[in-house]
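Consider the two complexes below, in which chain A is the common component and chain B and chain C are the respective partners.
Take a look at the complex of A and B:
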């Protein structure tokens, strides 16, 4: 009974996280300062928000490679709709998120209707959405956002970065949906055995459409926060962020084949990656050295988790 | 006069043609699209078919075609390698570093190929024996290679490369060497996969692992072997890539893995495994250069290139999906 909890992937991750926190604190006294920790929260939000939706996507046995491009296209939409078309900024923010939702829905429709593997479909839209962002912007950036807009990406709320509230709220809502609601059960069922889910009368297509649309919307929300944090809009924003998000989700124990995974795992995955990045940087390791460690941890964790679980089976 | 030879041959040749199209449908489609683009664009701007631009189009993307050969095999097996772009960046930098350190050129060309084989063999072992999905292993490998490369080189460009090292700039009968590499390697790999037992086994395992096992194929060994072979193509591609210019940028080329995977997929490789040829992926790599060059010659902003490629990917795969559903 106890071993079931001890050998859980999440337990291994939590131990790793504690270890990483302790090591980081040991390596530098600047690590466990409120300022640093909150700042790290700012840094992880964009990947984190995308990883929340990616968890659902991967649990269904799918993948969404286009989220980085949706982020770029939504950011450009925000900039162009506001600056070039002269739409008020709050409305432009809504339009940007809607644009992301549409991109995600297009992914969903292509995957459902053509039965194309999600990896290929979103590889195509990865190129398409990034291309639209580049084509529309012609590599020009949009700047000059009003002061109030920066509250989202640079401001605080009760001493905690604004976007961290957003992230925290989304994690809780997503964890409840995935763990305790019918939709969550359907998500697992689709990933575990899609045919069986269909025959059990579940609306598999509707679930997939909703999940890919959510994935696009989350990428767009991350775009708005991103623009607010760096005060500018560029078409290359979010390039490669899909890999960071997928890494966090997979590190969190979600099976790439679908059917298995938790929101806690994803959260631990994100926290572990950010802690290691920050701890190593503070210890004097150059930014590029840190990603070597992250890559190794990703492979090793899955390897250990595989070995432990295979022994027990 | 009742049976002229041409009439007698017609039914046979048309059924042979049908058979060919059924077997190489995607390859034919890519070839036809390539021809359409070339004809249309050259009618609008004849300079498009100038010798300089043809050289540029075919030789410039040859390394992508070479890397796509290995990627095609990997995808045929039902795996994927998202680290190929980072690997090519690392191997090119290794080649360049050796070259400026004064090693003989054959060492500079050989070492990256061997390192490529070694790294991909390790990936293959992790995939085949440790049973970690290829996308997870290669995601990790991307970080390790990227981080390793920048940490070691500090992002400094490698310049002052000795001219005898720059193999991609060699010419034979006026044609740049990458073109020969691309054509010879494609044909060799294509024939090998069609006729050699090991090559045919790739299709068998990609089509149905358990069925392949019952006929005596060992899928695990085959997987490691194919990954190692893929590493060899990556090494050759890296040498061609690194010797194209007078400097090596010692960074990981952005999105290169996606271009290579896309070439394989557009060329007709089914991502579920078991179907597709390397002829298609090579044609697709040339097709990419033709499209990007066409934008320049049609005076369309190059910023639209990626959007055009995206539409092309979706169109080809959609067409393929629809054709397959008609057959069923």
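Take a look at the complex of A and C:
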């Protein structure tokens, strides 16, 4: 009975995380400072929020490659709607998130109606949404946001960065949905056997539509936080962020074939990646070296987890 | 006479589970030795040991009197043992000749493949199998199942097999192809090859086997000469009890009409079907594969909604556009493809059982884990699902127990109308009997049952009325009293109208 917990993917990840934290603290005395850790929290939020929705997407056996482009398009929407169209900023923020939701819904409709593999559909919209973002921005960045807006990306509550509160809340809500609610059960069933889910009376198409819409919305929310954090809007924002999010989810033990995965795994995946990035940087490793290490850890972790779990079966 | 193959006291355990205990088995030259038993009796394990896929945990195996220990199928091959598997292991993009000689192609002087000789040898082999019509240059992927099987057999012979294992070779074949296969088996036997033949089909066993060995729960029950046994004896050896009453058809007073269709259509696949089922009634739907029986069920269940016509439930016209709507009207459908449509095999029994009723056992969208568990435990008990618990992965259960999980999950919706599509396909005799008993009980409780089945004895044994379908239409309706193998069979194949359907 105990071995069922000891050999869980999440347990392996947690151990790795502790190891990474210990090593990082050892390599640099600047790592284990409150300032640094909280700052890392700021850095991981955008990828983290996207990874939350991505976990649902991947559990259904799908993938969403377009989240980085949605982030860029939503950021531009925010800037243009506020600055060029003169809409009040709070309303512009809502419009930006809605734009992301629409982008996600479009993904969902394409995937459901055309039965196109999600990888192809979102590869297409990855180019499409980025193109739109660049077309709208005309290579101009938007600046000059009011001071209150930076609370979201640069401020803090009770000593913790604002966006970390948002991230934490979303993780908890998503974990409850996935683990304890009917929608979570549908998500797993769709990923493990879509036909059987349909034959069980589940509304598979609605579930997929909701999940891709949520994925787009989360990317847009990440965009608003991103803009607030860096005080500026550019059309190339979020480029490649989909790979970071997918890496975190897969590292977290979610099966790319669908049907398996947990929110706690994704959270651990995000924390592990961010710890390694930060630890290596502080230790003086250059950017390219960091990527090599993270890639290797990703492959090794999945490999070890598979080996351990195959032995048990 | 020395035996080609001799197993003595062979045992096999996986982890702590014993699947074979002290099995003795032998094969003589020029005989067909049939191996029978329910699913899970240990037949596959035994075959895999002989084929070198598994190594036994204990006991001794001799080939031509010599003790052997195989650590791979290749070593078994080298000793002249070949296997024709249920799931064909051919390369679909290669030709017949290439498949037959894959790995041991005839070589020319400089080590290149001698294509001419390879094709000629393949030709000779196929001719010897009475298959002169099979082209050695045909791409295997384009062949019928029956022809692919001949290629597999030719492949086995090309390796000079003295012992050929055939695992349910006729399971996927139509009748004429099955007959031809039996002829091929006889030819092999006459050439002195020893054949281990696994099959569920009684008629076939009696037509071809010289000896029959029965396994049950991993133990050898006995080996008999064909002349010494009859069918009931074999069945009771397999099941371990008398199943005089395999079809416990209970007398039930029929209630009101629960489900009625009028000129129901779904594209070209279901055409103007009008039928009715009453409370407590079991209506069997017979027909050939592709006759539109499953399509009819899918239309009534809302997977492929009707394109014309009417469905009435309890006298009221309804529209059914999704399985959820069907469920809410009291219709449950147990699909024909258990692994693909019926179950999420990777999930636990517990999770599977609540799939159709997620909304009903949750509050504020939160699944009641307590209700989930109690429902699962109750279902396991009620249907005697053999498992170590509600948390066991459904895919680990035997076919019969998986089917019980599917039944349980749909009974959980409290249906009034139950459509069962091939309810006993691929499950063993014991589980079949349990499903039949359950059907009888459900009918007594006033549930209307529609049973689609390709097994005529089952249709005849369980149904109050039999509907026969052909090309999407109902072509005959035969009451229980008049139903015989001949009358139903004739209606299925010749669309002979036994009785005009009332309009």
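In this section, the second predicted complex is superposed on the first by the 313 of 313 C-alpha atoms of A that agree within 3 Å, B and C clash if a C-alpha of one lies under 4 Å from a C-alpha of the other, contacts with A are read in each partner's own complex, and residues count from 1 in each chain.
Simple rule for what comes next: a contact is a pair of C-beta atoms (placed from the backbone, for glycine too) under 8 Å apart; a residue touches a chain by one contact, two chains touch by 3 or more.
Everything numeric in this text was worked out from a predicted model, so none of it was measured.
Peer 1: Could you say whether A:288 touches chain B, chain C, both of them, or neither, answering first, second, both or neither?
Peer 2: Touch status of A:288: first partner only.
Peer 1: Which partner, once the models are overlaid, touches more of chain A's residues, chain C or chain B?
Peer 2: B
Peer 1: Could you look at A:114 and tell me whether it touches chain B, chain C, both or neither (first, second, both, neither)?
Peer 2: So A:114 only meets chain B here.
Peer 1: Determine, under the contact definition given at the top, whether A:200 touches first (chain B), second (chain C), both, or neither.
Peer 2: second
Peer 1: For A:186, using the defined touch cut-off, is the partner it touches chain B, chain C, both, or neither? Pick first, second, both or neither.
Peer 2: A:186 contacts chain C only, not chain B.
Peer 1: After superposition on the shared chain, which partner residues are touched by A:83: those of chain B (first), chain C (second), both, or neither?
Peer 2: Neither partner.
Peer 1: Okay, in this complex, where on chain A does chain B touch?
Peer 2: Within the complex, chain A touches chain B at residues 63, 110, 114-117, 119-121, 123-132, 134-135, 137-139, 235, 239, 243, 246-247, 250, 256-257, 286, 288-296, 298-299, 302-303, 306-307, 310.
Peer 1: Could you please specify the touching residues of chain B with respect to chain A in the complex?
Peer 2: These residues of chain B touch chain A: 80, 82, 126, 130-133, 135-137, 139-151, 254-255, 258, 261-262, 265, 271-272, 301, 303-311, 313-314, 317-318, 321-322, 325.
Peer 1: Where on chain C is chain A touching in the complex?
Peer 2: 303, 322-324, 326-327, 333, 335, 340-347, 351, 354-356, 358-359, 362, 365-367, 369, 409
Peer 1: In their shared complex, at which residues does chain A touch chain C?
Peer 2: Per the stated touch rule, the residues are 180-186, 188-189, 192-193, 195-203, 259-260.
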